[in-house]
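Chains: A, B, C and D, in written order; residue numbering restarts at 1 for each.
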C-alpha cells in the first residue's frame, strides 16, 4: 500500500538524522497521497537507523489508522490539520533543529536576509504565538495546527509561498509539494536561522534584502507555477 | 556477571563519542543493578572505540571492586554518592560536552526556554556551587556528589524531575532510570545549553517558557508515572 | 573530451559536500581548458554523491553547450563572464557556505586578521554591491559577474592576489589557477569568515594584522610568481 | 629508522584531520628521539589521508635532513628551536584550529575558566607578541620559536606546566612529553578556546576558576611528577 510514498517518507526521515537536523528521535516527516486521502507518517519512538517502510503508519485525514502496527508520531494531529486545511501541501517535516528552534525560543520571526532564504521562502518566515492554557489543555497537538493556520490567515500569507513557520517556545514546521521538498525546506530554514543567529550575535541586527532581489530569486526557482509568479511582494 | 547491564553501559559510553558529546576520553557512563546493589562503570583511560564489556569495572556501593582488571573512572566516587543517596537513579552520565561545560564556566543555571527542555527537565536545571578549598583537599570527587545533593535539597528539587546539574567551573552530570536514559538526558542538556548560548549571544537574555506549556510537555512524556504527575510547577 | 579536467572538476564538486561547504545542491565548481577555450561545469540539480564525469557539461566561452545531456548550473553566466574577463583564472567555485554567506548578508568585507587569511588572500576580500533592479531584470547571473569585475576595477585589486569576493545579500565566489585551487580558496574563505564572525561576536571588532606579516605570509606561498611578488601592500 | 616514533607521529598527524582540528593541510605534528637527537616531522603538502611513515622527514636539531625524500613542513625551524631550548619537550603540534586561531587573531590570552583547562594547562595560556618587521624579514619561522621562548621567560612560566601558546595574528602551538600528548593538548586548547569564545559572546567576560580548584585538577593528572607538584599558583 502506497509503497512509493512510503519509500520517499522513509528516505526523508533518515535524512533528518544523516544531515544532522535532529538529535535522538526529535523529528518526523510525513507525506500524503491526495488521490486516496491517506497520510504516511513516522512511527513514534523508532530509531532512524533501523526504520523500515513496514514501520511507517498509514492514516486517513480523520486520524484513523489504516495500516501499521506501531503508534504514529505524537505530532500527527498537527500534520493532519495542515493537510486538511491546505490541499496544496504534499509533505510535512517537523524537527527540533537547533538554530531554528533557538529562533523559536527567542520569539523571533525570520526576515529574508539573502538569496539562500529567497530561493525557498518568499518573504519573512512568520512566528506563531504560544498556545493559551485552554488550548494546551484541550488538544495540544491539534491546536498547534490551528495556531499555524491562524498565523497564515492573519498575515495573509500563502502556505506554498512561505512553506515554513516558527512556533514560539517550540520548534519549526516546514512543508512542500512532497515529503522530500518539505525536508529540503527544513534544511534551508535551519541554514537561514543559523545565519540569522550569527548575524545577530556579530552585528546586533538583521538587514532585509531588497525586494527586487527577493522576487527574482524566488521566481527563478518557482516561477513556472503561475500561482506564485503573479504575486508582488509590495 | 551483569552482562545485559554491561552491554547497555558499553553502548552508552560509545555513543558519547559517536554523538559528539566528548573529546578524547572526557566522559563516562555508569549503570546500577538495584537487586544486587552493584554498579558497572567505564574504566579510566581506555579509548571508546576499543572498549569491550570485559573492560568495564563492577563495584559495590562502598567502592569495592567486585570484577574487572582496570581502574574505574576517577569520577567513580561522585557516581556512587548519587546512587547511595537517590535509590530511584538507575544510570549516570558525566561529560565535558562543550556547551553544557561553557554554561558551567559562565556560572549560569539553565532556565526552561522551550519544549526541547521541557520534554526532559521539569523547570530550571540548577547550578551547583564550586567546592571550597577544604572540600577539594578532603575528597574532591566524593564532595562533588555531596554538593549535588546539597543543591537539590536546598532548592527542593526532585532528582527524577530534573535529572541534570551544572557544576560551577566544571561540567554537567545527568542521570535517569537507566544508563541509556542518562545518556539521552546528556544529549538534551547539551542541545538546550547550545540554544541558551546562541540565545544569549544573539539577544542578551533568555525568556522562560510559560509554565502551562512546561507542565504539558513534561507530563506528555512522563505523566504515566504518578510520582511526577502530581507536581505543580507553581 | 577533456577527461583530465572533468576528473578534477568532478572531484572538487564532490569535496564541496564532503568538506561541508554546502547543503543540498547549493554550490558548483568549474574549470577551463585555456587551449581550447572550453569550460567544464557542474550540471544543475544532480546530487554530488551520484555525479559522474559524464554528467558534467562542456561549454564554450559564449555559453554554447559543446558536450553533455544535462543543463549546466544556473550560475554558468557568472562563471563565463569571469573566465572571459580574466584570462589568468583557471577554475571557479561558488558556494553558500554558511559563514561566508552570513558575512555577505551582513554586508561586511573581510579584512586580513591573521596568517590563515594571508596564506590565500593578499589584503581585504572585497564586498560587491547588490544588483540594481534593472540589472536583476536584464540578466541576473551575467550582471553578477559584471559587478564582480566592477568591484575589482574600482578597488584596483588583482584577481589572482585576492581570489575571492563576497556578494552583498548573496554568497561568495572564489577562483584560482585551477578548479582545485578555487576549491581550496573556498575552504580558506569560509574558515576566515567563521573566525571573523566569532571575533565580532566575542569582541565587537576585527583588528587587521600588520602589513609586514601579511606580505611575508602571502609571498611565502605565492612569491615564486614574480607578478605578485613585487607588489607592496602600501 | 625510528619506526616506532614515526608510527606515533603519523598517527597524530592523521588525528588532526579526523578529529577536525584542521582544514586542508593546515597543521603538523613532530616528535623527537632524545637519545639520538633526531626529529621526525610531517612533510610539506602531503594529504593526511595518503600519508605513510615513509613520507615523514627525519632531521637533526640543526635542521639537516637525515632521511626522507620530501621537504619537511615549512614550520620546521619553529619546532627545532623549541626542541633545542626545552629538553623536556618530546612532541610538538601546530594547527590552525579555528577557535584557538580566532583567539590568536583577537589577541587574547586564555585564562583558566574551568576544569577542562586545568586538566591540561596550569594557569593562563599566554599570548605571544607579533614579530617585528626585522624578525619577519630575518627568519620568520625561527623567530617564531624565539618569541615563544621570550614569552615563557618573561612570564616565568614552565613549558611543561603550560604546554601551549597562542601566537598573536597567527595560530597555536602545543607540546608535551610525546607527539601524542602534544596532539591531546591541541584538542584541549581548541575546546577551551571554543568555550572561551562562547562565553565572551554570551556574557562579555571570562571568569577565572578559583586557584585551589586549578591546583587540584592539574595535580590530579600531573602530580606524580614532583617538579610540578610543588608549585603554588598564587
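Please note the rule applied: a contact is a pair of C-beta atoms (placed from the backbone, for glycine too) under 8 Å apart; a residue touches a chain by one contact, two chains touch by 3 or more.
Note that the structure is a prediction, hence the values are computed from the model and not measured.
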Where chain B and chain D overlap in contact partners, by chain label: none
Cα-superposition angle relating the copies chain D and chain C, to nearest 5°: 90
Chain of greatest Cα-centre distance to chain B: C
Chain A and chain B: spacing of chain centres that average the CA atoms, whole Å: 33
Rounded Å distance, chain B centre to chain C centre (Cα mean): 46
Residue list for chain C, restricted to those that touch at least two other chains: 201
Chain contact topology (line, ring, star, complete or other): ring
Chain-chain contacts as defined at top: A-B, A-C, B-D, C-D
In the complex with chain B, residue positions of chain A that touch it: 23-24, 26, 74, 96, 98-99, 101-102, 104-108, 130-131, 133, 136-137, 140, 169-171, 197, 200-201
Touch list for chain B against partner chain A, complex: 19, 113-116, 184, 187-188, 191, 194-195, 198-199, 201-203, 206-207, 209-210, 212-213, 216, 220
